[in-house]
Amino acid sequence: MKRKIIALLTDFGDTHYVGIMRGVILSINPNAIIVDITHNISRHNIAEAAFILLNTYKYFPAKTIFVIVIDPGVGSSRKAIIVKCKRYIFIGPDNGVLYPSIIEDGVEDIYIIANRKYVLENISQTFHGRDIFAPIAGYISKGIKLSDLGPKLNLSEIVKITFNKPIIRDKKIIGEILYIDGFGNIVTNIDANIIKKLCMGRRKISLEIAEHKYVLPLVKSYSNVDRGKPLLIIDSFNMLEIAINGGDASKYFSVKNGDKIIIEI
Amino acid sequence: MKRKIIALLTDFGDTHYVGIMRGVILSINPNAIIVDITHNISRHNIAEAAFILLNTYKYFPAKTIFVIVIDPGVGSSRKAIIVKCKRYIFIGPDNGVLYPSIIEDGVEDIYIIANRKYVLENISQTFHGRDIFAPIAGYISKGIKLSDLGPKLNLSEIVKITFNKPIIRDKKIIGEILYIDGFGNIVTNIDANIIKKLCMGRRKISLEIAEHKYVLPLVKSYSNVDRGKPLLIIDSFNMLEIAINGGDASKYFSVKNGDKIIIEI
Amino acid sequence: MKRKIIALLTDFGDTHYVGIMRGVILSINPNAIIVDITHNISRHNIAEAAFILLNTYKYFPAKTIFVIVIDPGVGSSRKAIIVKCKRYIFIGPDNGVLYPSIIEDGVEDIYIIANRKYVLENISQTFHGRDIFAPIAGYISKGIKLSDLGPKLNLSEIVKITFNKPIIRDKKIIGEILYIDGFGNIVTNIDANIIKKLCMGRRKISLEIAEHKYVLPLVKSYSNVDRGKPLLIIDSFNMLEIAINGGDASKYFSVKNGDKIIIEI
């Protein structure tokens, strides 16, 4: 039998909550290959997890089953869903965390998890990663028919989240901070194509970061500036990133997610 | 050959100490499936590890081999033991960390690790996870007879630890804090059955947390209260938990393991 | 087919940067076994990673493929290399991080990664772990000929790093701090053989730690001194280690990597 990959994304950190999910999956399908994306999503940060999933899922083999447990509404009436897409299957709470990825991959069918036969016997009020999402992933990896798991849902019925696009007006690109990574690198929502089109060939860019003005070099390697110096670079998200060579840009510029980034064209 | 699962529980954090253990196991049995429970046990906290193991092991497939390295006495005369139970095998230092789990699973045989043939040639004074526990797990996963590993030990000869049960008297449930998780959720030693029996149908509960009085709602979902507000809930340990929706209850209430929780019935 | 082990060592922490690398490897070779050494190397600390690799690689099965991404020069002109050694294969940036390990294992061939056929189509400026090192490891694990990956390089052409050896003069051993582990244990560059030869049978040792004088017991187990008390021990690196039983020696002695340790013989 071909071994199926189950990829986990949670905000649990390195805790037994993840360990238990691994145990539950292997109890149902000892041949599953469990892979961690990361468990270090900021607690309850649905938008951050959605952004990370969107930029990660496509690097996994087709047919990977993604289990996403960023679930501030656990125990409430929020639905638990399975989304069958063109290349992948996504499982998680219906709170928007899956939305950008499933739209990009191409939604085929959405199911509400409803069949008590494929979840743990006792469902707690606080840990559906263990009681619902892990067992469902285990059974799907064994080939259970998705239509056995619960009724279908229309795409229009699930929770949506979208990322703001930058606005271009008055010779300015008005963007914002989408994500700050573990190194403190600041990932903006201004993508490489916009920079190529509007800042073509420029070595220095004038910009406002959270209402303070700077002129920063646009470089091809962090090491193009001295250690401790700020820079702009097109990063691995293919986005404009504000970074410090060897340092923490989010601290240097005192910024947080959602702060405005305004570039003068 | 059926592939065997080896589950690791340590207080090493994300360090090469865990990486080396994985390497040692795979050197002996490349077909072993190594699964992390967590490596984030508070350093040297045997009681915490015992509690986490007790609440985790049963979610793993039967015949899983558990390797527990919370080992403040490494290099001293404390024994290293293997406990064959009804469904699982447990390996670790004889300091009580295995005790609650092996009793629950049902002890069949206990062995002292003594045969130098199945451990690394050079045994360090500081890292028996690498030198003793990992190789023993590797050989057991390959099917070596447990009785080849060392002499038997009686259950009465190993180190015991037990968790305090709550006391019910004078219309009070006198419990304590068993565990504080990575989110700051406070897990008490008062289980769901006691609450069902003695607080049946109540929506609010009067209690003392570390000698301060509160009246808190008993809810079915963290999100039943506003973000930042305290609550009581039956959690994934099936225990009464004191939590803050989206916050850190251990900081909010300034408490630590062992602090008293007194409920007025 | 025999399943190949790919061992990862990075300074990425628990982030999606590691998760993506796992996905890329499995997309190329779903049968690869991915093992984490640690991702907790201090950011950009090439010497620390080199030391950890040197003390870890030999515990893995022969033919393990090591992928090391401590890469402050990503996007610059630093080379990306593959080193075929006697027992293992090492992949990483040519910044010295591989050097001590490949010398010890025995270098057979070194290749520059140059063939665009075996890396991702779009190579970012900031994340060669994903774009170059992970895919190369995936293809090597599938049996691709190393000579297909790029031109050969001589050992004399790659970046070297070496660890200082202690100096013995004037009845003193003048060493230094090589590494401080996650517990705050201080690992010196003074190995067990020097201690055996020069401090044979001594129970107490006079030494200077970062210019302050101490007399510390040389013990066989951390627990030979009371909790919170300092000690010397031969550790799992087979080095003289300065530790606090149950505590953090690096804080206690206020030291950092490279600080001098001087022992009076």
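A few points about this structure:
To keep things simple, chains are lettered A, B and C as they appear, and every chain counts its residues starting from 1.
Please note the rule applied: contacts are C-beta pairs under 8 Å (C-beta built on N, C-alpha and C of every residue); 3 or more make two chains touch, one makes a residue touch a chain.
Note that this is a predicted model, so its numbers are computed, not measured.
Residues touching across the chain A-chain B interface largely differ between the two copies, under half of the numbers being common to both.
In the Cα superposition of chain B onto chain C, the rotation angle, rounded to steps of 5, is 120 degrees.
Separation between the centroids of chain A and chain B, computed from CA atoms only, is 31 Å.
Within chain C, residues 13-14 each touch two or more of the remaining chains. Residues 12-20, 22-24, 26-27, 30, 34, 43-44, 72-76, 122, 124-127, 130-131 of chain C are the ones that touch chain A when the two sit in their complex.
On the chain A side of its complex with chain C, the touching residues are 3, 5, 7, 9, 13-14, 33, 35-40, 52, 55-57, 59-61, 64, 181-183, 220-224, 233-236, 238, 241, 246.
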